[in-house]
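By written order: A, B, C and D. Residues from 1 in each chain.
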């Protein structure tokens, strides 16, 4: 597999942007493998993802920020650079339902998710067996209603200690505080078991069943201060009928949740997701 | 094509129901073509659709109510009988968007929808050309904010005059009053351009675009007093991406709306839909 | 959970069948929970699945065959009875790809698949770790081109020894001989990694990639003597684009295969599948 | 709406291509609105679609070919330029089934398809009413088995006379000769009523019904000399069950065919489709 670099950027739209970036890369002998851009016509915003082969690239990545700075300043870019060979460190939070965790760990082990998993954190002991199966560190941090802040402090300490880059909430049933979220802006991925914005909040399958919908959904999004309101990364649905009991909804939904969360995590790891205006661009 | 009868019924669940109904029909020499039942375990409700060949059936349909009454009373059934050969009279309400109307009329003309269309009613003149193309009666009833009640009175008079059995709102952009709806309980079918309960009310595509969803939807439901809250008959979704503008959403959504509404209308005409507890059973 | 019995039957269609079966069950005080029937109009065939609560059922299941025999003979029925409490014994065959096996085992362990797994058989050692994780017996039976018959003899001996009821081929990459298949008629479930009948046989993803299809598929079917030609239980598809490499197809396909195979296995276990005319009826 | 130009090109992949094209356009003061590229890693091919605003563009489009020629030669590009304001002239061929024609005409009339329709050609009279509804020219060219060549000569004369740019076969049930096809390379779009390559050739719904598939499909593709084998532009599927008769398949399939064909035609008109290696790239 080639080692590649990915540049994700956004800036006010303006003439000559594509040429400027392509010329910068060419000047350092980059072989562009993918270049994808998007304009938001209403916000006059330019968003781009460009990936190039590092073989033959004449600029050491450590020197990239300094070399790119003038161009970035000229066009007022927000940007980040990622090296494909680098494996981000992902923490997984889980409660009692283990289907999403099991799915993520299987994909991790099979090489589908290009990351490290330095820690699995749970407010219960139920999923420890899965961590042990895959020989991954697991820590039980109980969360009681009265000592939530203390629990979050402990969680943050662990994440810091384990040098965690981003967090995946794999059906973690506790609401995180704004204080916690502020430590990982656009770096906490949640799976919500409904087609947002329908049935945000608690017990979505119960409410979907009661409402008599004909499709159920799942949504993966970045966590923001407002519950279930962050930028949506991926959604999908499955058909149900009057024959499906609440239990059937929960079972069929579990399969959706796994697929939708794993896609979102994979795209995040592949540096395909750019957030703006509480939405995502997912470059494909 | 065979002429058939369809019996739709619901009652408290109890032992012997299937046998009792089958025996009643057999006693009159019915050849059952389809029998489908559903139990709602929570509500202890039994729901059934049974269809039989009228060829050889020994009981004239006019005598069915009297003959079936004792059984219906014994099991406390709510029931209705439909003869497949009978064509219900469907009114279509429309405003300016004509895609759903055009789709319904094409399906009507091609024989896919087994109904009569004695009247198309609109608060605008824009879609008259379609009615003329298919040689169907069209009436323009303007609806102003101040004279809504009067407009509804006129609409009701027309529906009564045309002996209309049920009403389809094919992107009709006026909210009907509870007084109007009471004349057609479970006999007004609406298409809402979102995946309900998400984005109920006005401008769903605008709000879907703003929220950054990855799928858009459409929902067909029976109209009740509460806006966009009636029993859902059918829903479907289509994938969108960050590349889709608001206009793209509206275009892709139009294709969804046509399909979802036409399915709901077809199932209603085929006597496949039973309403209970603000949900539908759609027998397949 | 209620203990229930399921009766699956097919016979020439004729008047009075539903009543006859309902009366037979009622005579033994059955409380019917689900009854679903299907007529094949062309073949004049009647197919039915009926499930009833065993609580209060007056006929011991051991006596069912004798008691039901006269009715079955009168209507020339093919039928089988299953008790929901009974757990069929399922063998899983696997080669090197482990995603379907991992998915089945996770579902088995979580209680979603109501069966025993007395043996996992493989022509390789690669997936032993999964069997060990779930503490299930695993046996390696090498299959060489020259000694296939001998390998099958050994496999059959193991299946016999383990009292296996049916076999699931979870991406097992060897073609089974007609002789082997004859031991498990309509009791071997395969997953083929294409939308059959497209790309039957070897290397379907390679051929799909080459053909430039816009959707890939997976098909689960009962195995018959003709390769990839048996009765289809379930199929599904996923969208791809020109951006997807052959490797992407293989990865996206793996997710499809898991879902499609697990649905087919679950329906088989729930006694929902009836085979006739090289097709399946899947009662829902 | 902005007037834009679209450049579609393919060439051997090589360093500096993106920069070279961006610089060429920038030199003439182009404001790039979309730029999308694709590399086929195996064939070492570079494919690109770039769209820019013609407002402020300093190079008259008539002079584009001469100005672009040196760059095109240097990189050995195959390319074509389209002006969005230009409406291609589309002929529609149809036989007796009218659902695809009706759908295309409705979309044409509503402004969704940016084209002219100078002629509708049919080997029957059945669909003339639709042409008349939309006030479009219709010509009946009978095709008999013995005089096919003559019929095609007449069709070609009409297409030539009407200055037709491309042809849509909207369920046209005659096979076109290689001689005919050679006049419109990659400019004849067909809708086939199956999920190709499954059920290519005649009577696909009959064969799908017989095979017992669980999904039916439709495929839109460019026509080549080999029947149903040309580059696929779009495919989609719909779920069916054992309850669906052959007639149900045909009805459900009709809805698929309309959607799939209209998407393909729209993408063709938007200059989004590039053909290579008997596949398509559909830029989104």
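Keep this in mind: a contact is a pair of C-beta atoms (placed from the backbone, for glycine too) under 8 Å apart; a residue touches a chain by one contact, two chains touch by 3 or more.
Small disclaimer: the values here were computed from a predicted structure and weren't measured.
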Centroid-based (C-alpha) most distant chain relative to subunit B: A
Distance from subunit D to subunit C - Cα centre to Cα centre, in angstrom: 41
Subunit A and subunit D: spacing of chain centres that average the CA atoms, whole Å: 37
Residue list for subunit D, restricted to those that touch at least two other chains: 241, 243, 284
Category of the chain touch graph - line, ring, star, complete, other: complete
In the complex with subunit C, residue positions of subunit B that touch it: 15-19, 22-23, 25-26, 29-37, 39, 239
Residue ranges of subunit A in contact with subunit C within the complex: 98-99, 102, 106, 110, 112, 133, 241, 243, 251, 255, 259, 284
Touching residues (chain side subunit C, partner subunit D) in the complex: 38, 41, 195-199, 211-215, 217, 231-237, 241-243, 245, 277-282, 284
